[in-house]
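Take a look at this one; I'll ask things after.
By letter and in written order, the chains are A, B, C and D; residue numbering begins at 1 in each of them.
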């Protein structure tokens, strides 16, 4: 207990949800991709990771097997910068798994980039993990007390140690043994010299889908990766299901009981790509359009133009415009050359903030009543700058902000990078207070009911960030930590 | 004469217009930015270059002066990747000029990245050049025969040598002397320890504007750079005008007579950012919207949805949709993490081409009659892939391609990276032949008259790529070279 | 058993003695240096490692502690290339240990560079190891079967895992527990946030000495490191002794019983620096001079000049010359800019071999009868080239080779990089056969008795490489492996 | 005149002899090697440069030609570190020249590394220069006033510009034209696509020899490079001679009249390798032995042991010992892993100086009267530390320093890195004063007559550093600069 607090204070451990929150957006923390039985395994994984780049930009890695040996290449950076043709040639074989990791300040470093590959008593093993465990600290403490030596601060390494120290004979049994110990969110890919294994936590927090290409099985976080490599969607990995893919084909095993589902609704609102289908093959773009339409119905306004905050606000803005009959336009130009390393000039010209990324077209906005559609407000600082930019730089007469999701009041412990509760503006301020802070003429958030008008079975979703109903409770110590950190 | 041909064959010289044309878009080759008399000169130049990144992604550089000494930093890559805080600190002083260079294969290398900085008999001099000289080979041959030694293959170096070998006493007179010798396109920034000089060719091919920030003069290729640094637009540098900015303020000198103007119409159609105002403060986005509206009037079609080829096709598509009444939507999702180093996987899965960048939303397009709006067709290969993607991946019933510019039939010699005439599909094929090639249900190009319905004074523009009327003729040898290369 | 063989075949494990033997010299595999309680701890460790550079050139590392946290920096390369001033500043604190690692091909990589630093249940721990364990494979197999995950292929990591999984309460007890399990050679330095611990195996194979500087304790592989930092020699760490150095001072603990000593005689013959004193403060240069004198008495020859193979043959050659009365000279010039990365040109000019390093002075050797003194012959290939060089390049009339050690017939398992038995020319050839092979006019090796005329107590030394009397037996499996590898 | 001073003050120009003098040894500034007509041209040049590494360690480069094109690779660092196998493969063809550059602080940078390769009106040209021009500033100023643009601060670039701007038709005539303008020391190699040209200044300051290998001509600064590649010495390039080597063979042209020779005597004393033969095939080791013998005759002393300052003092020490009958030994052990980047620890443990490189063997020196032989004293600081080290660290009873050259009182302007006159201890102090400063029991320098007892024709040598008789006078301005700098 004392040790746990010390660990946390020393920032030695588990970077979620305690990682510094450096942007003003929630962010997914990972994407995974794997393929078994294809001569171009590593190349296709490279393409798949590229398609999933939006799920993590800090670093990426690919592990492959030529059936005798496993190979691994990983680095900080974007997929396209990391993998040269030469480097891809160092990944021979017909099995490969890959991982994108989200960019965070602080504890980010190469040793935390996945896949993690180790040698243990049964041979070689690689793992790629999307999600976040809520009992990782406790498990790590216990494992260390039994002699385990950890190399990274990633919670995913706990799973490896649980497998290595399991008394079961086979990897499959050891993996079931391991997941019986862990709580939280995990869409996992594992790989040995001959086999690929996919497993998804019983709540199904993060998406994970199975596809097929030239007779080879493919597994990916989102279906947009299938589109790029030319694979056909087969079905989702079910919550609690373990999928074993080897030369005998695909085998399904019930690994953990799944009393309820808790799909992340924010995947629908913001994280997933519009061209992906998630959680039972629902199209993300279509959902967002509907959110926009519903938002227009719930919160109409007299205005001359509807513009999105690009790029994520586009579908909802199109929906809002269509429903309201107010013309849609692109009033903010986005500079896509912005990376995460942008240097803010010092001294007098500081605080460029959002100007580095966005610039309004004055000719278009001048004198107009403008509806701006965005998907969410986190701390409010960015929204404030955007409203100001549209009014001052763009010359708008009125600025009406419409958010295509309910107010976000709670942090996520299941694989999303969020700030502490205290930093979430909606957890401590009323909508009117927020409106004043961001200086908009009007501000409205979508209702929770609006969201679920188009999505069947709201109880199948996790909406904890909107309503504090956390599907998996953290231990008491964890709760205290939150106090510690809020 | 023999030597010139040898030089060209050996690819030793002048990479424009003979550089390999590796993308399927025309591309601007440079952006320039400079500021005189501001404590944050290098930092602001860094921001300015970032705003102009779309004009060149191969490499960038900044040169600054602290009034005693000049400093220079340049590298291959994007502005945000090149300049760390540490590196910006190595650029002290209150004067700075910077340059973005377009990424081309082959002769691209660090030695061609600008600004070029040299020591010569009058002291230090730096130069940043947007444009292309048509008589550079002849001048280089002449200069070499008099003993000059060239370090790069950039045509801009010719200007430096003309200045260094001029018999005039002052830099200003030497610069006037130098530009009296050169033909072609040049929007130039020069810099010494104490002064910044801007000069624009008599035709005014490329844009170049003057702004003001905190009492300091700023010069940039496009006004979007002013928006980012917070500068106010003052006026354009006039064709043939030399602007001298020093501690006495700004001085205007008529450097070369300017019998006619020849503003590049493609800046309006594709190159410049929509939020910039060019050629007498005309808004680019507004022009493109008008092109789209005119296109809808010229070439209407029965359809269910209008989608742009992102991002450049967006304004024209919005115009087309508005005029036609067909709903606008974003049916192609663009992956913005694509850089120029993307490795195509080998063997069976080659030819990903445009899929790396774009993916259709099938849910949106399936069974629809789709109008796709793009700004131009170069070789047709990309358009063919996009049509196929919308039909097969997206499931569209019909695909109607509308191009918001006339057929491009001629290469550019004034600073745009274009393929040879033979490679321009519209120079050798009829519109119907192109339609068949790209497998569209219909294809229509904007007329030349349509373009100039909204732009006053068509004769002030260069439309050589549409109509072969080249404002500055190349010498006979050059003409032969074109045969050589076509 | 099966698994062990597999591990070895896959080259996954323990790079000694199975590392490719790429030079034609035996080589020490490590040097260690540590200091406790000095404000310049890391800087002095840097100097100490520099003085010990001859013991390992593959890579080096330093770990330091500022009493709250431990810091580590390590890289491939030479000490002077690895540590910049900036990097040394990242090693604050008053405790530091460092390690030099020998350059070997194949399994050499950064992850094997020491110190190894880990977090385990008792906190942070760093280790630096000179020597080689003979039961590392067995221990690793056992540890892995209990769930341990290894990160490197270094046998030293076994010690870490034994400490982490020990049931004892304190580090000291856990270390004693750990060394009770390991067999072989180890001169070890350990470090925690507050303490430095030194321990030497019961045989004392490798040297390890204690010094004192400004009231701080220093521990180093050789006393030449004390000379450079200005420390005074105190005494050797005794075989089987554990030395604990903390703020209370130095404490000695008997860690393992030491029934007999087995100091490595090759440290005296070749490895240690001439200016070091080893194994009870005996000067290395003086021992080697005596070897040379004894060699002259045992094997005199009529000759005109005595020359050493530089640099290691110099002391023995001086001794031989002094005793024989034949003039000493430096007839071979050594190029000291040779590193381990020298590229042999391909094709016709291959096989430069020793010429890259040595060149004879023809003016000096021409027509002479030359005695060449070297310290040992490993495979004979280098000796053959040197004899040829002296005869052909130098123009010598006769070449008489004298070796200041007995024929080396057995590989070393205690921390020396040696080839397999089969590759040792003296294990399979008579002296006369070797003489013929290397084309010398005469060849004589020092006798075993000659070596120990000047060194007291031969039974305190390990001479296994001369007489096959291995002080620590490897397990049966190991013996089989040797068959596997010879 | 004013401008010249400004140039010098700004440190913009010619780094010799004004480069910071960072070691306490004179140093040669370059080595050159070239070969024409051998399939392994670049590989052999690599080996040749390695053999000449002692002449310059700052950087190196190789230029090759495959008869159609010229290739160049150069970097900062040692030859063996710069050239990987991959990099050597980028240097195809059967002609190559290479250059080693001496390491100096300050103005050293990649742009000054040679060969310099340029394109000019006659095609491609590469140049490698050993030596120093005394009128480079004047020539540069003149060339710049006529429009020349310089890229480096190397005086060698002046030669290139003189060739480029010459009115002569052929390279040979232009080169003769160019050397008629320059004064000072130059042993030059030039190369075009098909030809190699060697030229040596009329005084012959620096050595330059011709060899032959497999029918190909080789040119190198020293013959030790011939030994390594297996070439046979043919003859020296004569002072004032131009050697043209092409497919027709070797042609000799008298390029400049050579009224007197001025071979650098310091090449014999210290710079050249002992295994080289210089200035008419005289062996360097033999000359140095004779210096040592003469020194013993001139300045005998009662002592127990003679030791060299390694490595350069070895031949003279052997000579001194042989003549005096006092035993020779190696009492100072040199650490050969010292590079030029050694970081001196800060604070309390500063001033390690020579200890980083040398350590005395106390057992050998304790209580003895020691003669130490070195080749020269520059500023005296190192000698002082060595005397102290031998007395304190080594425990010597008496320390007698013997220098195998006369007192160095003047700086060199012909290609040697020397400090200013004021810094040369012998220019301002008597021998007795120096003895006191370095705390030796006795100090003696070789006489000028002693040096030339064994070398025929002293008037053929430049001894300006001993006697101020400079063979080529610098212009008046230069003389003033010296005041400026002394």
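A few comments on the model shown:
One rule holds for everything that comes next: a contact is a pair of C-beta atoms (placed from the backbone, for glycine too) under 8 Å apart; a residue touches a chain by one contact, two chains touch by 3 or more.
The structure displayed is predicted, hence computed values, not measured ones.
Steps from subunit B to subunit D, taking the shortest chain of touch contacts, total 1. Ranked by how far their CA centres sit from the centre of subunit C, the chains are topped by B. Counting every residue number used by either copy at the subunit C-subunit D contact, over half are found in both chains.
Chain geometry summary: the mean Cα position of subunit B and that of subunit C are 63 Å apart. Centre-to-centre spacing of subunit A and subunit B amounts to 37 Å, using the average Cα coordinate of each chain. Chain geometry summary: the mean Cα position of subunit A and that of subunit C are 51 Å apart.
For subunit D, the set of residues touching two or more other chains is empty.
Shown here, the protein chains touch around one cycle, each chain meeting exactly two partners.
Checking each pair of chains for touch leaves A-B, A-C, B-D, C-D. Considering their complex, residues 39-40, 43-44, 46-47, 50-51, 53-54, 57, 78-81, 83-85, 88, 224, 227-230, 273-275, 277, 283, 285-286, 311, 314-315, 318, 322, 327-330, 333, 335-339, 341-343, 345-349, 352, 355-356, 359-364, 393 of subunit A touch subunit B.
Those residues of subunit A that touch subunit C in the complex are listed here as 12, 69, 118-121, 144-151, 160-161, 164-166.
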